[in-house]
Amino acid sequence: MHNHTVSQLSQGLREGSYSSVEVTRNYLERIARLDERYNAFISVDETAALAAAEAADARIAGGDAAPLTGIPLAHKDIFCTKGMKTSCGSRMLDNFVPPYDATVIERFRSAGSIILGKTNMDEFAMGSSNESSYYGAARNPWNTGCVPGGSSGGSAAAVAALLAPAATGTDTGGSIRQPAAFCGITGLKPTYGRVSRLGMIAFASSLDQGGPMARTAEDCALMLNTMAGHDPRDSTSSDVPVEDYTAGLEKSLEGLRIGLPDAYFGEGLDSATGECIHLALKELEALGATLTAVSLPHSELTIPTYYIVAPAEASTNLSRYDGVRYGHRCADPADLHDLYTRTREEGFGDEVKRRILIGTYALSAGYYDAYYKKAQQARRLIRQDFLDCFQSVDIIAGPTTPGPAFALGAKDNDPVSMYLEDVYTLAVNLAGLPGMSLPAGFVQDKPIGLQLIGPHFGEGRLLNVAHRFQQATDWHTRTPGVGEHVA
Amino acid sequence: MNWESVIGLEVHLQLATRSKIFSGSATTFGAEPNTQASAVDLAMPGMLPVLNAEAVHYAVKFGLGIGAKIGKRSIFDRKNYFYPDSPKGYQISQFEAPIVGEGSFEISLPDGSTRSIGITRAHLEEDAGKSLHEDYHGQSGIDLNRAGTPLLEIVSEPDIRDATEAVAYLKALHSLVTYLEISDGNMAEGSMRCDINISLRPQGSSTLGTRAEIKNVNSFRFVEKAIQHEIERQSDILEDGGTIVQETRLYDAQRDETRPMRSKEVANDYRYFPEPDLLPVVIDDAYILDIQHTLPELPTTKRHRFAEAYGLSNYDASVLTDSRPLADYFEVVVATCNDAKIAANWVQVELLGQLNREQTSLAQCPVPAADLGGLITRILDGSISGKIAKQVFEAMWQGEGSADAVIEARGLKQVSDSGALEGIIAEVIAGHPEQVQQFLEADEDRRKKLTGFFVGQVMKASKGQANPQMVNALLAEKLA
Amino acid sequence: MTIAQDDIEKIAELARIRISGEEIGEVTQRITEILQMVDTLQAADTSNVEPMANPLDATQQLRADEVTELNRRDDFLAIAPAVEDGLFLVPRVIE
């Protein structure tokens, strides 16, 4: 049953083919046996998981089941889980056990799903390879010498290795989509404000969004139904009504207008990857879509804009980690200054420190106008590019990443090269648009992903397109290991 | 060289909302440490601010109260600095787009004159927690109950010229905010805190000198003293040819001096930028108009009206309009007795005096306004003398009832019946033949004194209830 | 745009992060590389463009003035590194 999608498990549970306890136990056993290969999990609470599974079985028996009741899920260790360690991949929170749940977690609990464990991630969500985690790198199940992507690398690896049927991730610059692409799974970053950020440890407030990572678009739709919705405790949360994301999955793609930005198909894109993407696009054409070239004139500004806005916001979001009220505290601080500077020196890893410094610099006296303010102006231009495109196309498509997963350690000495991995994904966060990645082929025996981008609150359409694509292709059914196909 | 001082005041006012500005924690004063500090107040991971509607309401109310432009699209910003009483490592405040813009209001000076003081802006922000310096093995204890309490920071133009004006400004501000019911403006409890910016310049110059900032002065008296001391300190330096260092100072009440602050933020770069967890606060004309309609008569307007309608001096009008309850009380008294001057005297001297002596607030005053009005009516209609009235008032204070009830019960009604008075006078005259003789032989001056003696005797015989004017008139007749 | 080592030291101080003598050189170099990358933004023409703080141009919702939080001091103090008498302890703060 570990091959089953969430949708299949949901049906199986309701039909009584197996119990939630059996399913959960199955995954827990796989994690215990296999996770040391992938290091996808930071913590697992078997007792709590099985207790929740029992409760779910009772609920199912009582006829009160929701679609996700009894389904075990993995959650990125950025979502606060009450009574369960939440580290954010950092030494700073290695000892942090929150006395509250994130809203997303509350919703999953209310739906009756089970928490299998908390997944590995780049420290404070800053990274594209999961190598900056305090808990060590996670490894790509397709090639354990390669990165699974980041920052939601653990979630992607867990789903790809069938250690969980689905997982949650967060995406600030591509951190759901890129690892989904590298690991051959499906991942969705919703429209900014669609999913509550309360209890989701903040990296860059105006960019962060939580979203589902699973093996099918249908599963992502099921997950999104539970995750999405207005939260009055998050001022940036949208009160646009939530649709049923599973309702429109089967809609025909006839007449769908897909825009292909020249910027996403130019220099920098690995040719084999480009080939896969073109073939994938042909599939969409076969389903009735038309392809048009579009232009995103300000795409060159994306990387510098992102690498000013995100670190600036992060630099202040991380000021609260000071050793006073929770988390790491240095031993025997000599005075207040020592408490702060040494706690933060010890608690944060190198990449986090770098970004805090960049962010602090961008906001500092004399530089605010030239950096932060200018970046927020550029951001409006970048968003406008997309809005202009959506006047003539329904969605935008392209490769999720410039190539397949790179080797562990390959970008150790080159942070800028790491940043360039996100070149196709960053603008989506800057503009607040929904974006998805779905498996679209293999390069060097490693998965690559097709990215779909929609207008604000257009995730329903994206899921529909992805679903129809997945009905016509089978990339999403592949799993690492010989001959293991999903039924 | 003659120096003039240029003073601007920044007042941090705690708004009297039930919950904090960005969280649903209670704001009540005096709770056990950290029992009113939620996950949001403690800046726990993943926590986010949500704006209290009442804080916005109160800010707009204040803006309208000073005739200011209201910021229809105001923005919150992060003010970044590290300090244990500020858990996020930044304070959420407003920088470039505050909710209240330029305004002004009138202050009343002790000599009866008035001045208009400009307000540059007022903005919303959150208060910090408290460091307790009781030694915990060489450590300080942090209480975050206060962290997140809504503050309105009110910045005056540097229009204030001396300590007296500064105190008048603060009193007027206290008056205004209590009228508007947005704060209890209590300096002693810390719900109104004052930072003073002060510089000197040669008399008549138009350039500003270097200023010093004196932080967190918490009483009218200390504000006065701090300014006086600082003016002296700065003029001493300037007279000696020195320069003023721009710095932050504290007022030490025990030593009556200001001294530089040792730590806190040295040359801080606050790195202000718009708070990404909050969205722009947009309010429309309808909202503003609704609030405008709920404004009470403001202190300045009321003071002017009292002076005109009741013929009171500016000073008296000021005292009587210091608070709305007092002003309302006074107006009921006047409505009842129809004599504003006497009412003003009784309220200011007798009533306020008594409240002060007993450390009681007007809210707990045992004598209702109408009853005081009733008492004054009895003075005016001659039922009792002013002197007896004070006795009656004391009795009323002790709960013996209305003026009439007390007068009746104690038989204090003034004797104004000429027949009865003539009787008493005749007895007194008969009883003091020597003094009568002296009177008849005396000159005018001596006669006045003797008359006083006779009046005294009549008052004594009548237990103070004889009508003094009538006694005087009748004596004059009898002794002629 | 070059950035000197003592600029980095000042920024590190603003951010209250201690950077050791051995590391400061490398950190300076890395930051310089990143800043060179972001400096390409300077060439962009952003005149008359309103800075965009929120991707949806949404406005702030207001919350009713009610006390909704109960006293959870025990839960919060239980996870704090140093507490006494209900207070969070820090090295002595001198005014």
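Some notes on this structure:
A, B and C label the chains in the order they appear, each numbered from 1.
Criterion: a contact is a pair of C-beta atoms (placed from the backbone, for glycine too) under 8 Å apart; a residue touches a chain by one contact, two chains touch by 3 or more.
Not measured: the values here are computed from a predicted model.
Central chain assignment: C. Criterion: smallest distance from chain C-alpha mean to the mean of all protein C-alpha atoms.
Interface comparison, A-C versus B-C: the higher number of contacting C-beta pairs is recorded for A-C.
With centres set at the average Cα position, the gap from chain A to chain B is 58 Å. In terms of their C-alpha centroids, the spacing between chain A and chain C amounts to 23 Å.
Centroids of chain B and chain C (each the mean of its C-alpha atoms) stand 41 Å apart. Shown for chain A are the residues that touch two or more other chains, namely 96, 98-99, 206, 232, 235-236, 319, 322, 324-326, 336, 340, 360, 364. For chain C, residues touching at least two other chains, in rising order: 14, 16, 51, 53-54, 58, 60-61, 63, 72, 76, 82, 88, 90-93.
In chain B, the residues that touch at least two other chains are 39, 42, 44, 50-51, 80, 82, 84, 142, 269, 271, 276, 278-279.
By the touch criterion stated above, chain B contacts chain A in their complex at residues 39, 42-51, 78, 80, 82, 84, 87-90, 142, 269, 271-273, 276-279. Interface residues of chain A, counted against chain B in their complex, comprise 80, 86, 88, 93, 96, 98-100, 102, 197-202, 204-206, 232-236, 312-313, 316, 319-320, 322, 324-326, 336, 340, 360, 363-365, 368, 372. Residues 17-19, 23-26, 32-40, 42, 44, 50-56, 75, 80, 82-84, 131-133, 135-136, 138-144, 250, 261-264, 269, 271, 274, 276, 278-282 of chain B are the ones touching chain C in the complex. Chain C meets chain B in the complex at residues 14, 16, 51, 53-54, 58-69, 71-73, 76-77, 82, 84-95. Only residues 3, 7-8, 11-12, 14-20, 27, 30-31, 33-35, 37-42, 44, 46, 49-56, 58, 60-61, 63, 72, 75-76, 78-82, 88, 90-93 of chain C touch chain A when the two sit together in their complex.
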